[in-house]
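In what follows, chain A forms one complex with chain B and a second complex with chain C.
This part shows the complex of A and B:
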């Protein structure tokens, strides 16, 4: 039971980290980047290569972050910058970017799952359950980044400026904030973030191109249930979804975790469409 | 009665540039030729590829219905496809082995999946619907695991599907090929007839934002759900066909990659395209066959196509074709959509302004607060049938807020609005519109992709409903309504002096013309009350004179006209009654002569505040002259 909850918190942390990544571009560039989870996987694959080359751990993280930032910036230039207005073009182009990345990572690193072992993974006992050290690191990362960015967004000038931008692009432009650079910086930052967490996520999920879409979808559900635009909501949504999934798998039976997540998602959609602690709705266009 | 038959026969007659039967005839001949190719020596491998392409065509038409025509992304096509396949396969093995029963049951199963996933996702739309439908695809393996293996065969797949039979006759591979082609062609005709109809026009209207469709009495949610649910049907049919193709259903046929492939084919063809779907489907099928050993290359190609298609070629092949055509024949005038123009020229009586029975619109003690801000405070006035009532006042005085309350976009904080004896301030906006309240907008809202005459006719769609089945089968019921509606639209356009624009794309016309088109659209609904929000701004002097004439005709015919206007001279010459709003309250109201002598009005509109308020006496002299003439 406790072990299950730890496992749920571990996967939940991954969902949270992805939801945080969505929020970074959503609250600054106003774009939900569906390919974010794919960039996380790029980070995981960079770690696979780095380990094979015998690089030190700190260097692996730096290289992964740099590669992630480059990929995300390229995506911004190609698939986001010239989006036509309205008409859901961003759904198509970011799903397209995600598909390209699945194909590209499979071509570069192969399509079989590969283990990422930055450090040994001996489970430790905590509160009567078993948890891998990496699970605790992921949980810590989710909490630190989620709550940290929440404070950054709500307490600092830069955070508020980016929120203002997402709310009203024209008004922000008139105030002399360069929205084009803001968009590039947001994508680069989210890409660096994706690259940074990639090796950690890969340790839990293995590095494989095809898991990215599942993570992307669960990450979106975490984002939505918590409340779009809220980093604190991402933490609550992600961890909540992860634990519900793990408990349903344990208590009802394997395969029921996804059903439980789906049921929770639909319930939130019908009962509380603004999310648990969200105040604003995702732009419906 | 006889006049409608006359209209119908006139439409079938002379001025249609292509005979009515030609398109179906070409279609039948082409389909027949393809269907008999197996007997002409087409190899089994090719037959299989063509069947798979036909299945892809079915799937793409489903995505086009939701993504292209209702503007919502449906990634759940593989789930609907799977529902059709498993229901079909189960029936073939255990219940009745008949391909017709299979495709009907498969279509219904997919429709149910569509409704179940559409209801929660569609209200919010956008990413939410995309993710809900995506998630259903991820759930497929779990669902197959949970359903007992005797029924769906678990992860090994469903085996033992018998040789397909049709009405008790076992189908040879060649006959099955012909059956697939015919079924696909029939569905294609259904799809084509659905989108090239009032339903298609309503869907395009609905995509033009949240305001327009309800103001015309159309429910956006219902339209989206309709497109989404109908879009599921071809996927179910495709599934039932697939079950008979290999007589085996593998759970790994229903993946996210399939959803991406179908989407890529839709983007290549153009998301609102019809015939190019076949090219898009064939292309994607060709690439997937090529890249079975290198699936990753296929993904890179399809992903890149999504990016390029999403950004640059929103119209896909269909749009590209149109552009090339326009480049080759730049001066070619658009083909009239029907002979209705001729009908309108011949039969002037299809629409006249002689009788438009209006209703009394009364606003009683309306208060409206937005958070702490008071927009309207205790506003009461009446707009009488056969009169023009003008709402004037400085910017921010609550004029447009008042209109939005009348047609149901805003709820009153307290007070009420009634039409005749019925209170309408509690009704949703689409219901208000169906009660006969039409309006225009400060910024004209004209949907993309429709011709002027279709835009005008869209004003009438909600007031006369035709069942979907009659629309798809093009029953006389449908043609009668459609012809009358288009003829009326032409007649209205002529009355407003806009007949030259009738067959042109409406969204590319000038601001003043689009304003007049909005007025025409409002008139097409045969309204009892017309709300006009700054209808004269952006019009030139000549157009203002024309507008004034039309409005006077309309009000003399009995309609209730409510005008929000900055142009005080126009209002003074046109209105029978003026209501002056200031800071959300009624400053004064009465006939123009009384109102313009009111000291507060003089101070606000003629004094130092005049320039700031945006309302002035300087312009609109032309309207004055037209009254005297």
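This part shows the complex of A and C:
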């Protein structure tokens, strides 16, 4: 049971990190970037190359973050920048970017899954269960980034400016804030974040272009369960659905995990559409 | 000036009309008696998606064999041409693409490669049969091997029954009494459970627990733990694609299952698991591989093995020559069957295949030869190991052949 909970927290941490990535562009540029999970996988593949080249771990993370930032910035320029505002066309174009990234990663690194082993994965016994060291690192990363970005968004000038831009682009522009740069910085930051967590996620899932769609969907559910725009909500949503999925698989049967996750998702949408700790937005019609 | 422009425009329109008329003709892909020189093969497979590497392996083997057959004159004088149609390994897309091909108005292919997964093949067969299209695939679900219902379809891989012979021998030899299973939640997984249950009964063993996993799952620790909870003497697992294989091995470590011996199936064996799993994860694990894929086995003739090994190594296919070997045999079997036909049409070859006896040293997978019959359109092979041998999962592929590592 405890090992299953650890497994749930590990996968839940991955969903949390994806949801955090969605929130970075959503709260800053007002764009839900469906290609985020693909950039995470780019980071994982960069790690594969880095390991093969014998690079030190710290350098692998830096290179993965830089590559992730470049990819996300390119995506912003090509798939988001020139779209008409307010029509949510980016929901389609970022899915397109995701498809392009699947093809590009398969072309560059091949479609075969590849092992990412930055350090040994001998399981640790903890509270009566077993967990891989990387699972604990992912959990720590989810908590630190979730809490850190929550504080950043609510306590810093840049964070507040970003929230203002996402809420009302025109009003933000009238205040003299360069919203174009804000959007580029948001995408670059989310790309760097994706690149940074990519090697860790790849250690759990292997580096494969095709896992991104699963991560994207589960990350999206975590985002909505926790509350869109809330980084603390992403942590609660991600870890929650990870544990629910694992326990359903253990106690009800294999493959019931997805049913349980979608049942909880539907229940939250019906009972509390703004998510567990999201805020209800008023929209004039 | 105005008149000059008018004439130029008229000439331009005429040229465009002529080009359009040319392009509206069916592509030069004739079939049967009308075939002017090509034997067209359409591979409907997941060219993209999780099984893209597997599809690339089969395509490579088929193309290597096609080049050899073409050099020797082709199929009754017709050069083999292979087209790949991407269905993303999705049965729904496979059906759509096949219907598009059949209803395109063009001449139909001589041979369809009907999917990488049993689900794709089973979805396409009800469309292929009324169209009387010869089809082949490496898929092995027992429902596919139904000559009465699907007279134009033939398998090229051993069935799970043949593949698992060597696994069943191991159960007997090691005295395993309780077998845990972790298999994909698809048609192949169902067939693996059925086949291994039969073998277990015959050897006085029992299946202690069966867990099926979703191929798109992120983590299989819980599923592996459930298998271990049934206290098996040995765990059997398999995968339909490379990504699940890596996650199964990772789950084995996290769930603390490395002390329980693991036998990985055909799907994992074909993919060089050492590439997607750590040394700890593949320890105490064996997997069945074709003897011809083992370095120094010398079970296949060099004249067959060398071009395949060279092509596979040049392409950098990480799983070795197992996948390419299947595609290679498929084309050569078609060539063999065509020898007794009048003009090498798909329908004639299908008829000849029904009684085909492939001689020894012709097939790379089955060097002792094999046959098809009216009762079975899957290869009936000689011997009690299905041409396979169990090797450690940590073995490595070097120059496209398995180098056994203890």
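Definition applied: the second predicted complex is superposed on the first by the 275 of 285 C-alpha atoms of A that agree within 3 Å, B and C clash if a C-alpha of one lies under 4 Å from a C-alpha of the other, contacts with A are read in each partner's own complex, and residues count from 1 in each chain.
The working rule: contacts are C-beta pairs under 8 Å (C-beta built on N, C-alpha and C of every residue); 3 or more make two chains touch, one makes a residue touch a chain.
Everything numeric in this text was worked out from a predicted model, so none of it was measured.
S.K.: Please tell me, clash or fit, for chain B and chain C sharing chain A in the overlay.
M.R.: Superposition result for chain B and chain C: clash.
S.K.: May I ask you to decide whether A:88 touches chain B, chain C, both, or neither, giving the answer as first, second, both or neither?
M.R.: Once the two structures are laid over each other on A, A:88 reaches chain B alone.
S.K.: Answer with first, second, both or neither: which of chain B and chain C does A:208 touch in the superposed model?
M.R.: second
S.K.: For A:255, decide between first (touching chain B), second (touching chain C), both and neither.
M.R.: It touches chain B and chain C both.
S.K.: Where does A:273 make contact in the superposed view: on chain B (first), on chain C (second), on both, or on neither?
M.R.: Only chain B; A:273 stays clear of chain C.
S.K.: By the touch definition at the top of the document, which applies to A:120: first (chain B), second (chain C), both, or neither?
M.R.: Only chain C is touched by A:120; chain B is not.
S.K.: Kindly classify A:111 by the partners it touches after superposition: chain B alone (first), chain C alone (second), both, or neither?
M.R.: So A:111 meets both chain B and chain C here.
S.K.: Scan A:192 for contacts with chain B and chain C and give back first, second, both or neither.
M.R.: Once the two structures are laid over each other on A, A:192 reaches no partner at all.
S.K.: With both complexes overlaid on chain A, does A:224 touch chain B (first), chain C (second), both or neither?
M.R.: first
S.K.: Thinking of the overlay built on chain A, is A:236 touched by chain B (first), by chain C (second), by both, or by neither?
M.R.: A:236 sits against neither chain B nor chain C.
S.K.: Tell me which stretch of chain B runs into chain C once the two are superposed: 19-27, 289-297, 307-315 or 487-495.
M.R.: 289-297
S.K.: Could you tell me which stretches of chain A are touched by chain B in one complex and by chain C in the other?
M.R.: Residues 102-103, 106, 111, 213-214, 254-255, 258 of chain A touch both chain B and chain C.
S.K.: Under the definition above, what is the set of chain B residues touching chain A in their complex?
M.R.: 67, 71-73, 75, 120-121, 123-128, 130-132, 134-136, 138-139, 141-142, 145-146, 256, 260, 263, 267, 295-307, 309-312, 314
S.K.: If you look only at chain A, which of its residues touch chain C in the complex?
M.R.: Going through chain A, the ones touching chain C are 3-4, 6-8, 10-11, 14, 102-103, 106, 110-115, 117, 120-123, 130-132, 135, 204-206, 208, 210-211, 213-215, 218, 246, 249-250, 254-255, 257-258.
S.K.: Give the list of chain A residues in touch with chain B in this complex.
M.R.: Result: residues 32, 78-79, 82-84, 87-93, 95-104, 106-107, 111, 213-214, 217, 220-221, 224, 254-256, 258-259, 262, 265-266, 269-270, 273, 281-285 of chain A touch chain B.
S.K.: Give the list of chain C residues in touch with chain A in this complex.
M.R.: 48-50, 52-53, 56, 185, 211-214, 216-219, 221-223, 225-226, 241-243, 245-247, 250, 253-256, 271, 275-278, 280, 316, 318-319
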